[in-house]
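Across the two complexes that follow, chain A remains constant while its partner is chain B and subsequently chain C.
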Partner chain A sequence: MNTNLKILNVTKIYPGCVANDNVSLEFNSGKIYALLGENGAGKSTLVKILSGVIIPDEGNIYLNENNLKLNSPLDAKKNDIGMVFQHFNLFETLSVFENLIIDSDDERESLREKIDTIMKKYNFSIDLDIPVLNLSAGQKQKVEIIRCLIRSPKVLIMDEPTSVLTEQETSELFLSLKKFSEEGILIIYITHKLKEVMQLCDEVAVMRRGKLVSVSEINNENIESLANKMVGQNLKTIKKKKTKTSSDQLIKITNLNFTSEDPFETNLMDINFSVNRGECLGIAGISGNGQSELFQVLSGEIISKKNSIEFNKNYIGDLNPQERREYLMAFSPEDRLEQAAIPQMKIFENVALNNFKSSNFFNNGLINENKIKEHSKKIISDFNVNTDNIELKSQFLSGGNLQKLIIGRELITSPDLLICFNPTWGLDVGAINYIHETLIKINEQNKSIILISTDTDELLKLSDKISVIHKGKLSKIMNSEEVTSEKLGILMGGAN
Partner chain B sequence: MIIDINFIGLIIASIMASAVPLILASCGELITERSGVLNLGVEGMMIIGAISGFALMTVTGSLIIAVFGAMLAGVLISTIFAFLTQTLITNHVATGLALTIFGIGISAMIGKNFVGIPGKEFPVLFEGLKDTIPLFGPILFGHSIVFYFAFALPFITSYFLKKTKIGLIVRAVGDSPESASNQGINVRLVRYACILYGGAMSGLAGAYLSMIYTPQWIENMTGGRGWIALALVVFSTWNPIKILIGAMIFGGLTIIQFHMQAIGVRIPVQFLTALPYIVTIIVLVVISRDSRKIRLSTPSSLGKSFHKDN
Partner chain C sequence: MIKIVKRDQPSRAIFFFTPVLAIFLTLVAGGLIFFILGFKPFEALKFFFIVPIADKYGFSELLLKATPLCLIAIGLSFCFKSNNWNIGAEGQLTFGAIVSGGVALLFYEQEGFYILPIVILAGAIGGMLYASIPAILKTYFNTNEILVSLMLVYVSKLILDYLVVGPWSNPEGFNFPETRQFSDSAKLPLLFEGLRIHAGIFLALAAVVISWFVFYKTYLGFQMKVSGFSLKTAKYAGYKGKKMIILVFLISGACAGLAGVGEITGPIGQLHREISPDYGFTAIIVAFLGRLHPVGIIFASLVVAITYLGAETAQIFMQIPKYTGQVFQGMILFFLLASDYLLFFKIKFIGSKK
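And then the complex of A and B:
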């Protein structure tokens, strides 16, 4: 039984952006296909069209020569196309079983049997009767996969499936996907991670700015060639010169604890570390292991005991973020549009937000707009933010530009320590490179960084020392030269 | 002083009767909110139900037409809310408040002609069994069909949400409309249905007030019960059984404070009148302290507009 899926001349236009520009592709079962591209290249739009979530403006889709009309996700399901979305489509407060039965036509008993068979066959083990919000990201993904498998699909689409997984979970996923492929399911794998394409796929299609750039056999490609196709220019590789750092201690955390009242937050237990001047401490971990709590404690969003944080020989554990900034700390939170900037406010207004006291932005309670605008323009030009309109609302900046603006806003006060949390999350390669260069520059100026990130490659590239956070506990602090991504993966999974 | 045991039964029965409109309206609103829609128009829908029921009864003389007409009136007015919030994507809170103001106003206008007209007697069931069992006789027997329906409703609602597929879909939509939509569930349709159901139950609650509880029309006769029903839903953490408990406490305190006022207890009247509101909320807050359960039963998308982009 062969499955052939054809996409013919698909176009989807959004106001101000062509998401898919006349894309044609053909897939055959028995192979694993990669759809590669940066954020915003149009991969997600294309697969959402395949799964009926988005209706294309033009173009046709053929499954085994039948022209499909995919007007809703139901149509895709009926035509045996299954999709696992990047952001899980699960109902967090419902149990696993309820999540699975909701779109199934089976009776409870027969569905349970089906699920059991699938779980046995692929070695999944998930408690069906607990709410989904108690599952790890890897388990949630398995629930999504089971949901597709129940319908015995001909096509299985995976949209950036590894962004939430550990190394181990990723290799488990790859094994499963290879098994599915051997059983005749056509697999389309969407990603921007080149390593994964090389590891898993047979053929690769590269997209850039809504257009299909190339289709090729994986054997004819390597990481560099794919990267260049994806970005459309030759990328320079960034490397940090690892120099001997000073032994001049800047920040010291002693016996820091945080117990949350919210059962869905992670408690921090006995955190101890210190960072010297000019040093970058990386904190690795799977998301949800206490990183956001740690960030909040360090930034002062959550206040702790006065002497648990010593910064520049001052005890500052009980100070709020504004007061900590006066001691020359700076922060770049994970969520750019919710925590770091206010989406509805203009660029220059957002620039003023982190600087209430020590600047000359305000006179007697009145806003000194000219000063702020001047300052904003300087940030925009110094940090390469791709706009010249400082009156623009922040929500209209792309992720990369917004991140540059935020980092710029923090750095222009020349702080001694920058604490950032997933600074390159969801950015394209160009912006990531720029942010990485900037972070390296900070260290070269003998200033320090605490980098909390879920991206191990980023951590290995930028950190001088690395520690892993797991269930609110930090591992011992290691020199980054002694660490490999495999070792980090094991620690991230909770082993010693 | 000898207290007749049947007298206690009668007091309990009167407490239950005063809880009926709260249970009906809360259970309806609970379904609406479980689908992620916050309808603050309960008071307005209730009073529309009250005047429609009473007017239809007076005009047609048929109790059946009156009861179903009141429910239909609730459905119609909630359709306005549904159209505005689901089709035109207006803000839930503002639209709901407008609905209440609209309902109170229009009911007063229609009701002008019905002030002072006596109501009809509503048939009660099992009247003859009232004296057969001491204490429980008056509690269990001799009530209207709406009364029995109201006390069954929390259990039906709970069963519906937990055990049926449609209940599951309602919860799923309230949890994440985006996911539901991506799963091929018609979010707008589900939400429309839940809003209309909430309207029907509020209408019925209103009809109970004007046709059974105090069979007459008085302007603004719901007297804030719609707001209490809303509060019950939230403070019961979207749990129908706790709504029943809350409604009973509220009804009980309302009746008891009347009696206390009658006996002449030396506590300021204002405090006594406020008592049911305060105590009900305190009790519900105390019995709903488990934050894990709150998280699991709170509809995550409550009050947020869902707009499917294509």
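And then the complex of A and C:
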């Protein structure tokens, strides 16, 4: 049976922003639809409306000509709309089976049979009786998908499903999705990754600032055209000029180990690498494989043995971040809102977090506000932060502007080495481009970068050398010309 | 029609307006309660809020009560501004009083200018020691400071009980639960003949100035602020976040300890069971009513101090239990929290045309 889902004139207004502005869309089963847009474009709001999490201010949703009133996620389920969220909603300590049947009234036995048939049909192999916490991200996602499939949905919505998956898991997911589609399930795939849209989908709807910009067949599009629609302007493509890097060694890590008492952290085992001046070392990996710990060890938040880190011919393993900054290192952590900046504090106060002696931010224990403000103004203008009010609390900056401020704050000291961790995570294409340009510029000035990132494309674009971290161990360091994203994917999955 | 709309950003004006609104609403609600109890609301409120401070003596009593409230609230503001929920100031006050009282008793019937400073210092140290318990447990063992600091209040009161009944009780005191009177050298000087207001008020004022300076003007204050918002950020910036937590607890304990000293070496002059009418708890209300700002805290401590006095007058003239004072304190906090809603939301009146 064909399924037809229609969204008609849906509007949802939040204070200060129109999340969905009169959006109308029509979907038919048998096809895979991509809903594409930058962060904040309104795609999440739209799918939350479809799954009953948010109630729209205006507009209607029709499933096979029936006007649906979706007042809660339960209503969506009842109407055969299934949704797999970006963040898993699973009980980690319960078994897979218990997670699957938790919202069902049917008998356990019949459910088990049903689940077994589903798993056989789609070639899923998951042990139903082990706790969910033992599963990989890809398996957890399958559990979520099975949970939807039990209800034999007409519509399946996937919200940014590949952000936690490896390349291999991603292609498995795509195969499953194509199979579902062939069987008549209408699939709506939300993403901001253009490559996936090209690979998987049949039709693509692009959203920008709450408005539907275009709906088109994928055959009529290519990555550039979609990117331009997404951003609303023509983007320049950034390419790094491969220059011959110097052989002048800047930082050398020798036999570095970190053992954590926290069971949720990853231990680092025998890390060895070095970075030369003017070079960018990329460290790839699926999140949670020790990147955060590696960043902290490099920044000095975790202290290690003095001679395990040699920077510019000094042993600095036992220094804290502030002391390391004096040796001209700079750090940009992954978490902008909880670590790199304090949203409740003003812009200039956040600038003062990068305090080094020659900055004179603090004299004799007193705050030198004028100096900090002067410095902040310079950062804002040099790094294109879109505000002129340094008294503004930084929570009112967009993600991209906040990241520019942070990178600016770190770079204004012209450090020899910048260590950054997922610098473009969650940013829109415009801001990503800006950050990438900035990072390339640093290398051109013969300064070095250690780029820890879960974004393979970013790594391939910016790095001179690449290594992969898996379960706290680094792979051998490769020249980035020799590396493909497939090869990285295999290494990220743990193979040699 | 009335519609409630989220504000784009919290309003600065509202931030200082809500405490005033809370006080106003407390007065209205208080008047209503008096009315239900069968009193004339305006007259009762007059007895409560105006009569007690209408004369010189009353005003001196107001300052006397406001002094410990202000001092403790200043200390607490360090904790609260950095997200450390020390609610055991009453215990720190008690323990500070115990230590300084002990030292004062050592100097029994001795004279000397050096005695008072030692006694005061002892009180501050006592409060700091007592506050260091929840601080250290929090930073090194991840315990919840709210529970620990609160429960330690009862411990300190029991210690005080034991001391004044047992080892420290006055040998000539006919077994009353109290110590000997301190010598004059161990007492804070009175400011005016015939009034109870004492030099402790200068300690409070000094605390106001110092706390403003430290928090807004120094690197130390900046580090405390950052550590309070996020320990991860503090670590990243290279600050010693854990030490900052302990430090704010110590500051807050010292202030509460000093308030304890002020009570026992001021109006009381000895140790006994009831050295504080829950100043340590009431100061939490003061701190928030004053928006954790030094100047705000001065005003808030005066406002809340009136409720203590008003309760007493109301008991004498209107035969209402003095616990009405606590009802008023509770209402202030209640209305303050309620009106804080306006910080993030605004009420829109939409004309009901059509």
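We adopt the following convention: the second predicted complex is superposed on the first by the 488 of 496 C-alpha atoms of A that agree within 3 Å, B and C clash if a C-alpha of one lies under 4 Å from a C-alpha of the other, contacts with A are read in each partner's own complex, and residues count from 1 in each chain.
Just so we're on the same page, contacts are C-beta pairs under 8 Å (C-beta built on N, C-alpha and C of every residue); 3 or more make two chains touch, one makes a residue touch a chain.
The structure presented is a predicted model; accordingly, all values stated were derived computationally and were not measured.
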Overlay on chain A: chain C relative to chain B, clash or fit: fit
So, A:344: does it touch chain B (first), chain C (second), both, or neither? second
Can A:320 be said to touch chain B (first), chain C (second), both, or neither? second
In the superposed arrangement, which partner chain does A:101 touch: chain B (first), chain C (second), both, or neither? first
Considering only touches as defined above, state whether A:54 meets chain B (first), chain C (second), both or neither. first
Between the C-alpha centres of chain B and chain C, what angle is opened at the C-alpha centre of chain A, expressed to the nearest 10°? 40
Partner chain in contact with A:352 - chain B first, chain C second, else both or neither: second
Quick one: minimum Cα-Cα distance, chain B versus chain C, in the superposed arrangement, integer Å. 7
Using the touch definition up top, name the residues of chain B that touch chain A in the complex. 165, 168-169, 171-172, 175-176, 178-185, 291-292, 295-298, 300, 310
So in the complex, the part of chain A that touches chain B is made up of which residues? 51-55, 72-74, 77, 85, 88-94, 98-99, 101-103, 131, 133, 261-264
Contact footprint of chain A on chain C as seen in their complex: 5-9, 216-222, 225-226, 229-230, 232-233, 235-239
So, in the complex, the side of chain A touching chain C is made of residues 15-16, 299-301, 320-325, 331, 333, 335, 338-342, 344-345, 349, 352-355, 362, 365-367, 393, 396
